[in-house]
Amino acid sequence: MSKLDCVVKEIADEMRQRPDRGAVADYIAELAHIDPKAFGLAVIDADGELACGGDCDTSFSIQSISKVFTLTLALGKVGDRLWQRVGREPSGSPFNSIVQLERERGIPRNPFINAGAIAVTDVILSGHQPREALGEILRFMQFLADDPSITIDSAVAASEDRTGFRNRALANYMKSFGVLENPVDFILGVYFHHCAIAMSCRQLALAGRFLAHQGRNPSTGLSVVQPERARRINAIMLTCGHYDGSGEFAYRVGLPGKSGVGGGILAIAPGKASVAVWSPGLDASGNSHLGRIALEALTNRMGWSIFGG
Amino acid sequence: MSKLDCVVKEIADEMRQRPDRGAVADYIAELAHIDPKAFGLAVIDADGELACGGDCDTSFSIQSISKVFTLTLALGKVGDRLWQRVGREPSGSPFNSIVQLERERGIPRNPFINAGAIAVTDVILSGHQPREALGEILRFMQFLADDPSITIDSAVAASEDRTGFRNRALANYMKSFGVLENPVDFILGVYFHHCAIAMSCRQLALAGRFLAHQGRNPSTGLSVVQPERARRINAIMLTCGHYDGSGEFAYRVGLPGKSGVGGGILAIAPGKASVAVWSPGLDASGNSHLGRIALEALTNRMGWSIFGG
Amino acid sequence: MSKLDCVVKEIADEMRQRPDRGAVADYIAELAHIDPKAFGLAVIDADGELACGGDCDTSFSIQSISKVFTLTLALGKVGDRLWQRVGREPSGSPFNSIVQLERERGIPRNPFINAGAIAVTDVILSGHQPREALGEILRFMQFLADDPSITIDSAVAASEDRTGFRNRALANYMKSFGVLENPVDFILGVYFHHCAIAMSCRQLALAGRFLAHQGRNPSTGLSVVQPERARRINAIMLTCGHYDGSGEFAYRVGLPGKSGVGGGILAIAPGKASVAVWSPGLDASGNSHLGRIALEALTNRMGWSIFGG
Amino acid sequence: MSKLDCVVKEIADEMRQRPDRGAVADYIAELAHIDPKAFGLAVIDADGELACGGDCDTSFSIQSISKVFTLTLALGKVGDRLWQRVGREPSGSPFNSIVQLERERGIPRNPFINAGAIAVTDVILSGHQPREALGEILRFMQFLADDPSITIDSAVAASEDRTGFRNRALANYMKSFGVLENPVDFILGVYFHHCAIAMSCRQLALAGRFLAHQGRNPSTGLSVVQPERARRINAIMLTCGHYDGSGEFAYRVGLPGKSGVGGGILAIAPGKASVAVWSPGLDASGNSHLGRIALEALTNRMGWSIFGG
């Protein structure tokens, strides 16, 4: 049993016993039913060794983690022109804040807050029907994870569509500044659905590998993006991946990471590993409570912090 | 001649020829006279090899770079209790913004915006006379750089003291929330003086070595801070070290760094090197224009980005 | 010819000759075609004497002036419970600002900014179909002006419906806080249509009479609201009727007034007269440029300022 | 006994019996000792009839009410050029907010929030020594009230000087934008002292008479300002006189008024009366709780609302 295997099992055990689990998001009705005790962890290293702990094969709603992959697709489609539509600075605000948009005339601060991810979805949608755009995103996830069984949980998407008033506000607000090209309903349709992609920790860790290895899948050798682009996506994950908890995540975990309100986090140890963790209880900033703690333990024990071994 | 040496000389040459140099800060009268064509670069690697280019022995006002070292001192003095007085999230705002303080009842977002650094200075000052506190800071810099000739440019400090109305506003504002313990004039006296420390790129790169090497000077073996603390200071530099240009710096350079309005930047390549660059012209966010470009070239050519080689 | 008649004619003449006319609103496509030279003024005093100048029988889109009448209806329906849904403080912000809503959890500052008027429309709509609610509002206007020919310009309403992204953002945003009860599309349907009511200055001055005379029409003796309610509506018009130009309007004109982006203003001289003015060119705050100047002349020459004769 | 006399006595009796009194300001140490049961009311009508109730001859610290008189003096000194230094729009913010200053580059919204009053004091100070400027303000109050015994409570001024960190922040902040001409310490010295002027309700009602009567004292016939200026000062009092409670005051009381944190309010019934009320307990917006209630009763019973009899 490798060191990585031991550490992953150890952490999964420790997390199972902790009484503090955060609060499961209740604003998306379908997510409120998830067992707060669930915990999964999957790590896949440069050699392709996969270490799994806990419920690492249970699917969960990846939610905002999808923003990493839509950002990758949009950059592939329009390149650096994307940055005319969205910034890349931390916002210092919660994930769904609208204040900053008023001051900056509809340009979202970064692609990982909701407004920014909606602008990214608009870019992917351009020239397509919503169904096509969504198909492209889903196929990309299936390709990255090498798993055609990955699907969208349409009940979650429908639940968001019924109650996602704040995202609807953000999108209409950007539309009023001319920042969005497509009809708001089309954009949100795609957005709610790509957030509702369901994946397990194992699948997610596989999907993130290209970010850890200079844009390539080291097992297949297939290139997804250029090395520089992989580095830059990691940089944005580090500074912006956890909303107004991004500084805290960098401080404690020391890895680029992106959280989702479903309780998942994808974290990248450049050159070393791709990591996915899931525990549905959230902290005050909307990030997985145990997920962050597990990653802090992992990075400490493996010496993987990008800020010094 | 080592690869590092070649790269450093190459970059210094390239920078000398660029016509775009940013604008020298004019709000501190003493700094307005600096030659905008100055450029210096010093890199010291894990083995202690020092590579120098351009005006790497010319002293400049380190200004906000001093905040890295006062943070280190304050953490040494009160440990994690410091975080009751100042946060560690990016602010998404310019260096001297006061808006966030009103909403968050006088607690600055992080120790690298002015308000946060003033709170850090207050911590260092407690129990001391201003002169003693300042002596402690200066001796710490001399110790780290192993150079007792480092001094404070009192003309710069006096210039700030006369015209630093916004810092005076920030300090009084925090004082009104009870966040500061000492008299505002004492705190600002120390603050303006530690910002006025004058150092060369060579001295600054030496002073920053402990951050690149798990808290220790690898040449002397002397420990300055625990490894975890060094990592965490690097994390804060990455997310907050360049004000509202922090995301951009992470995206382009991919190293923890801290800029000063005097045109200097200290950057840390964990496990690899400590880097100091200086060019007095600033970009719109108040960070050295050529300094950032030089660091981007350096990190690309040396493969030092923390986000993937 | 009475003094009032002379003053009104005089002002209409003066306004015709002024070169400065402001800029016609172009964000509602249908309004962009209006002749910028149009000017109308109608004043009806306590005795029912009507003085008219310029294009006082030309219909224009009353837009936000309708908010005075929907506020009156909503207060009639739910009384002071309305103030649980909307405040009555000046906002210090433009008519369509969303920032304040985030800080105050979806409760608009007052019923005369767009967000507040949308909340008022929601109150009127409750228990009704949109068509019924709209019918009620239109019949109220016809009753007040004693003129069943008043109609809604459905081209203007349709134009707003197509392009009113910011109002859609405001409504969805409030909905996300649970401040609105009805479906957003229903509320906005009614809102866009009541803003598109077309009236002449003559009709509007008649409709506003109850506010000048303790809640009653002094000619018919019919009571619309209690005296205290009329006073209070006037107070809100004074402090909030011109968005972030409310202070300026109070300072220069000295009458409660409500402007619309169609270029109309309804102003009330309590105990003395109801005044409607129309000129489609707007100032930077979105209020009729010549309309305000004409009212300043009127109030000065008639000695009608509520702040001293 | 006149109706006015009866109403005033009646209100003073009612107020004496109310259990709800608000909370005495404690941030100025000297004010914290005031008896929360104190209540005074003085009304002087157009004929010079004075009606007094309760503690109408007890001196209290007029605090921000002094801003009405410094505004009058500054307008006398520089006329409408004053409006290049301070706006006249309601701020929608608490009295000591600093946020709006950042967005509007140091120009305060109106002369009745602290920042605006500090800018007004700077105007009065220009060309004078602090002592002279203060003498001018004090003599103006003595002249208006026809009472040379009015003085400044220097203990209150000293208390503010020691603890007025937020005002010091506001002043330094404006100074950083170049909005203030004189040294911050000089301006604040004058500001803290004119806020510490001590007056009784009787004296204050006398001092405010010119605002009720077209700029003149109707008893002596002496003109203080032109009629238009009196109207305009009243307009600013109406829209801005009670900070973020200005809309509420207009809605309930219907008179121009200016409150002070000492519990006093000066209210003007144009053409009818000058009113001063004092009760030290404050509401959440920092305005006298019983003072506002007493004025609401007075204006209702006398039919003095400017928004309709």
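For this structure, a couple of remarks:
As written, the chain order gives the labels A, B, C and D, with residue 1 at the start of each chain.
Just so we're on the same page, a residue touches a chain if its C-beta (ideal position, glycine included) is under 8 Å from a C-beta of that chain, and two chains touch if they have at least 3 such contacts.
Just so you know, these numbers come straight off a predicted model, no measurement behind them.
If you take chain A and chain B together, no chain is in touch with both. Across the assembly, the mean Cα position most removed from that of chain B is the one of C. Here the spacing of chain B and chain D, counted between their Cα centres, is 47 Å.
Taking each chain's centre as the average of its CA atoms, chain C and chain D sit 32 Å apart. Note: centroid distance chain B to chain C, computed from Cα atoms, is 55 Å. Residues of chain D found to touch two or more other chains are absent. Pairwise chain contacts in this structure: A-B, A-C, B-D, C-D.
Residues of chain B touching chain D in their complex: 97-99, 101-103, 165-166, 168-173, 175-176, 184.
Chain contact summary for the complex, chain D toward chain C: residues 87-93, 100, 109-110, 211-214, 227-228, 230-232, 234-236, 238-240, 244-248, 250-251, 254, 256, 270-271, 300, 305-309.
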